[in-house]
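What follows is subunit A paired twice: with subunit B in the first complex and subunit C in the second.
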Partner chain A sequence: MLSSIFGSLFTTRFLATVIRLSTPILFAAVASFIAASTGMVNIAIESIMTFGALAGILGSYLTGNAWAGLLIGLVVGILTALLIALFSMRLGASPILIGIALNTFADSLAIFFLYQIAGEKGTSASLPTKTLPVVNIPGIQNIPVLGQLLSGQYVLTYICWIVLILLFIMIYKTPLGMRMRACGLNANAARTAGINVEKLQIFSLVLSGMFAALGGMYLSLNYLRIFSKGMVAGQGWMGIAANGIANGNYGVLLLSALIFSAFRAVSIVFSSSTIFPVDLVAAIPYFAVFCFVTIASIIRYYRVKAGKVEEQ
Partner chain B sequence: MKKLFASVLAVMTAASMVACSGGSEEPTGGDEPEKEGFKVAVLLPFTGDQSYFDTLAIAAREVDAADNGISVEIFECDPSGAADESNWMNWFDNVCEDGAYDLVVSGNNTYEGFLYKAAEKYPDQKFYNFDYSALPETGVPANLYAANWALDDLGYVVGALSAAMTKTGTVGVVVGMDNQAMNQFIGGYVQVLAEKGVKYCVSYPGSFTDTAKGNEVTEDMIAKGADVIWQVAGGLGNGVIEACSKHDDVWCIGVDQDQYLQFKDTNPDWANTILTSALKNTGVAFKAVCEMLADGTLDSKLGTAEAWGIALNGVGLAENDFYLENCPEEVRAEIADTLAKVTAGEVEVIDTLEMKDYDAEWPPVLNANRVD
Partner chain C sequence: MTEKKAKSVNLSITNPRVFEVIKMVISILIAFAITFVILCLISKNPVNALVTILTGPLTKKRYIGSVIESFIPYAFSGLAAGVLFKSGAFNLGGEGIFIISGISVAAVACNALTTSHMLHPVLCILAAALTGCILMIIPSFLKAKFGTNEMVVSLMLNSIYSGVAMFITRKYLLTNTTSTIGTKDYLATAKIGYIYEPLRISPCLLLLIAATIIMYLVMFKSRLGYQIRLAGTNPKFAEYSGISAFKLAIVTAMIAGTLCGIGASCQLLTQTSFYQPDKSLVGIGFSGMLLSMLGRNNPIGIVVAAFLIKYLEQGTSVLYFVDRAIPSEIVAIVEGIVILLISSQYFLRGFREKKLLKEGLEKDAK
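Let's turn to the complex of A and B:
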């Protein structure tokens, strides 16, 4: 019995589940990462995902086109990010407090708009909505194992992979990325060197809002084809935790996000087993986050102590 | 910039005041002249979650709109579901204090504790608990009528239908949370599957909102061979329906209200995978209670608790056109037979709600057919 459960963890289907579950967490992770790269703090990712998910669905309903819905969702994500920039950079509020405020009212505000347009408070089921497709790549889809993993994914999953690559190139291979990282390391030094720090910080927040909105829209426009109350369900926080572990290291960021997704998939496989208490199983992904953040902190502590990295 | 900020703040303050007052002024009924006849207050935590709260709210609006001398007001007391005692007692004080309502309606296992406190505090107020699971140890309060749903019987019927419809010999159920109230759904379900030798998966994702999890849990079950999957998981159930809709040979069974009708016009993909729904007709009972209130017979029911079963149309299957079209006649005959048997009490259906210690009293023989 036990072996059959653990056996099901090493199958192609399990890996495909991890890929499907990883997309929103990866988007959330890069959203948190890009904001942090210029020294900004965006903890409102959960709420931007909710807004993006809803705006995407409502946009798709109102325009009759899923891609137009995607654009509208992106705009809403950018606007929310600009709101954070306005309050934290111009009006001097703490970005943490703005994040808490946004996260607190996101669900209710989303329901408010949903009710105005759909007349329902739980889901967007009453709206006939166009959604984004699943992409089958001819050629690749016939390869035994790889085909199942690389083909037949949701279109936003592919967009996520492209974003991950482009982001890597931008941050590590272009002068723009170097300047952004300079802002994050020491804003004053960057300013002395003639870099427009505020402009780059706003730019990073805008990107952060876009990525978070894409994560939300993956859930509503692509994966589940509906907006459902509370559907983001902590995935934004997992992305933030992944960034906390990465501490500026892009590879660690992606790895942590994938590990969290894998643990989410594990909790799904175990949720129908009789062996473990189900409440414990539901807590697996969050417990994993806790453990990995703790381990990362301990490693960082000893590296600082050994003088390998500077204290931040 | 400052001016803009100030005006934004002003608008937001004004908006929040409107939002607050909207809630607290409702109980007084505004400037409307006092309506003759009976007044009923329905206190729900929230509506719009597609659960039996919605079924009840729809019935409440229908009773209110009908020309029967009964007016109903619905109050959404706890949109976040925080189950905060001071908030709930405040709502009960609002509606009970001046005796403006002839009947106050509330319920559900998370919130019923506040209802019992209110019943004790306001002994002259009549109350109706539309879904009880744990009555106070002192018994049903003398001013309260409590109803619950023969979910054990309902689960038995759904299990019988699943067993009759499966081609693979494996079926599944997704239950939002592992608690006694939710497990009442699956006691009878598992029992009938054990009788018929059908394998089954049970999954507890531990959430009612995490739609993505509902989707993946269902994909997992389908991979294990399940081809008739019952969802008992509120918003998370949307993910179950989505997963079933992607597989041509998999049926989904909805819950609480007729989910086929819910999605028929706007989301045919989903509707066409929902064979039927396990109904919890809170609306039927609510209408009956309102009638009893109007003709005075409710008083004799106060102080009692009653299970609304198949006989009273408290629970049942949604027999819509889609079900009639897709469920073979012999299966329907078999289900009708099962319904009759359960109603007549010929089958002893396991009721997990009556078990004191669910884990200890659960008959292990029933786990024999469970697929991990």
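Let's turn to the complex of A and C:
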């Protein structure tokens, strides 16, 4: 029994689960990363995911078209990001406090709107919504292992991969990305060099809001096909944790997000058996993130102490 | 002497305290204006709805009693978040601490450790306070020692604690009668009774008042409080003036954890007869953070905010009997708008600066 459970961790199906679970965490991770690249703090990712997920589903229900729903969700994500920008940059509120506040009443706000349209407080299951498709790629579909991994994923997973590549090119290979990173490293120096720092910071927040909303919509429009209360369940924070570990390194960012997704998959595999206590198994991914973040910070602490890297 | 006199005379917007009050009042008015617009959109009788929300709890003794009883744990949670935020620590662990210290309450309350009606609740409260006091340290310790991101760590711990609480309940404390996951019934000796039943005034209210006064004195009249406020506003300066940031982080976390533990036991021993880790205390810790922002991290402000928010929620649930279109979540909208506006430093600052400039010019002219 035990060996069969551990055996199922080394199958193609398990890897496919990891890929399916990784999309929202990857979106959250790049959302956190792009904001941090210009020195902004966006800890409201969890709430933007919730808003985006709800707006996507309600938009899809109201327009009758899942892609229109996606667009509405993106607009809501951008508006939330602009709200954060308005309050933190123009009105002098602490972006951390704004983020904590948004995250805390995101669920209530979502339920309020859900109740107005669906007449229910828990899920959007009563609404007949169109959702986004699963994509089968004809050529790759039939290759044994690769076919299962690369084909038959949700469409937003492919969009996620494209975003990851485009973002890498934008940040590391274009003048725009260089300017953004300059803002993050030293805003005053960037300003002296003639860069419009505020404009780039707002731009990065808008992108961050878009990515977070896409992560949320992957859950509602693609993966679960409904909106349900509390379904983001800390995945936004896992993205923020991945960004914290990466500390500006894009490769480490993606790797951390994938590791967290793997632990979510492990938790799902384990929960199918009765050997392990179900409540503790559900906490595995959170425990993994806790350990990784703590260990990463301890390593950084000792490296700073030894003078190998500069303190930030 | 002269300074005191000038302070008592100056009631204009130029006085920072008066400015804070004016800002708060205007924020609340804007929030209610926006809420009214929303009510107009979703309700057939918006004026009546708003009046019911504002006056509904006063119509029956039972309603106001419910407010008095239910705001207590939220106020404790707010006080805990307040002391953490004031010290500049963004430890969001209150939610998990509430849930895990509920286990301590249940474990003590289900066992006949003592036959005394006086001692048993005290033991429950002490057990919960101790649990909170110890476990709240973890994120603050990691942050102070290694610079770990305390927000991420404390949120992950929240999820871990709720898993652990469910596990312990299922394994050691489970009843076999109910369909939900819950502990055995507490023994009768552990329950906290009422001092004045119609308004549901219990010893917990006295405990809260005492805690509020103590927290106010600690924050504003003690050396520790001065250090906490200094570390919150200017951590570098605090460090250079010889305050140990590490020690301060641990002490504030211990205070906050203790408050959370007491709050959890107040909720459980007055309002429940057994503990459900996925229901009884969920959301109190997070609400506390919002309350602490509403109360500007001031203990008295936080407790007042907790009472007002619970009052509004009671108002919406009174309204819900009349008008099903308006869910109680509308309070979150009021709360959110007020928090966004009062935490904006520059909101209304222009008015104050104009007035200050004018006064300055007048003084020069004299």
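Quick note on the criterion: the second predicted complex is superposed on the first by the 309 of 312 C-alpha atoms of A that agree within 3 Å, B and C clash if a C-alpha of one lies under 4 Å from a C-alpha of the other, contacts with A are read in each partner's own complex, and residues count from 1 in each chain.
In the analysis below, a residue touches a chain if its C-beta (ideal position, glycine included) is under 8 Å from a C-beta of that chain, and two chains touch if they have at least 3 such contacts.
A quick note: this is a predicted structure, and the numbers were derived from the prediction, not measured.
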Fit or clash - subunit C, subunit B, common subunit A: clash
Subunit B versus subunit C as contact partner of A:Gly122, first or second or both or neither: first
Touched partner set for A:Gly230, first subunit B, second subunit C, both or neither: first
Contacts of A:Ile143 with subunit B and subunit C, given as first, second, both or neither: neither
First, second, both or neither for A:Leu166, with subunit B first and subunit C second: neither
Touched partner set for A:Arg13, first subunit B, second subunit C, both or neither: first
Which superposed partner A:Met178 touches (first subunit B, second subunit C, both, neither): neither
Partner chain(s) touched by A:Ala101 [first = subunit B, second = subunit C, both, neither]: second
Touched partner set for A:Val309, first subunit B, second subunit C, both or neither: neither
First, second, both or neither for A:Ala189, with subunit B first and subunit C second: neither
Doubly contacted subunit A residues - partners subunit C and subunit B: 90-91, 108, 111, 115, 121, 234, 279, 282-283
Parts of subunit A lying in touch with subunit C, wherever the complex brings them together: 43, 87, 90-94, 96-98, 100-102, 104-105, 108-109, 111-112, 115-116, 121, 234, 237, 240-241, 244, 277, 279-280, 282-283, 286-287, 289-290, 293-294, 297-298, 300-301
Sites on subunit C touched by subunit A in the complex: 42, 85, 90, 92, 142, 145-149, 151-153, 155-157, 159-160, 162-164, 166-167, 170-171, 286-287, 289-290, 293, 325, 327, 329-333, 335-336, 339-340, 343-347
Subunit A - residues contacting subunit B, complex: 1, 4-5, 13, 17, 20-21, 24, 90-91, 107-108, 111, 115, 120-123, 125-128, 219, 223-226, 228-231, 233-235, 264-265, 268-269, 271-275, 278-279, 281-283
For the subunit B and subunit A complex, residues of the former touching the latter: 1, 5, 46-50, 54, 79-80, 172, 178, 201-207, 209-213, 215-217, 219-221, 223, 235, 238-239, 242, 262-263, 265-267, 269-270, 367, 370-372
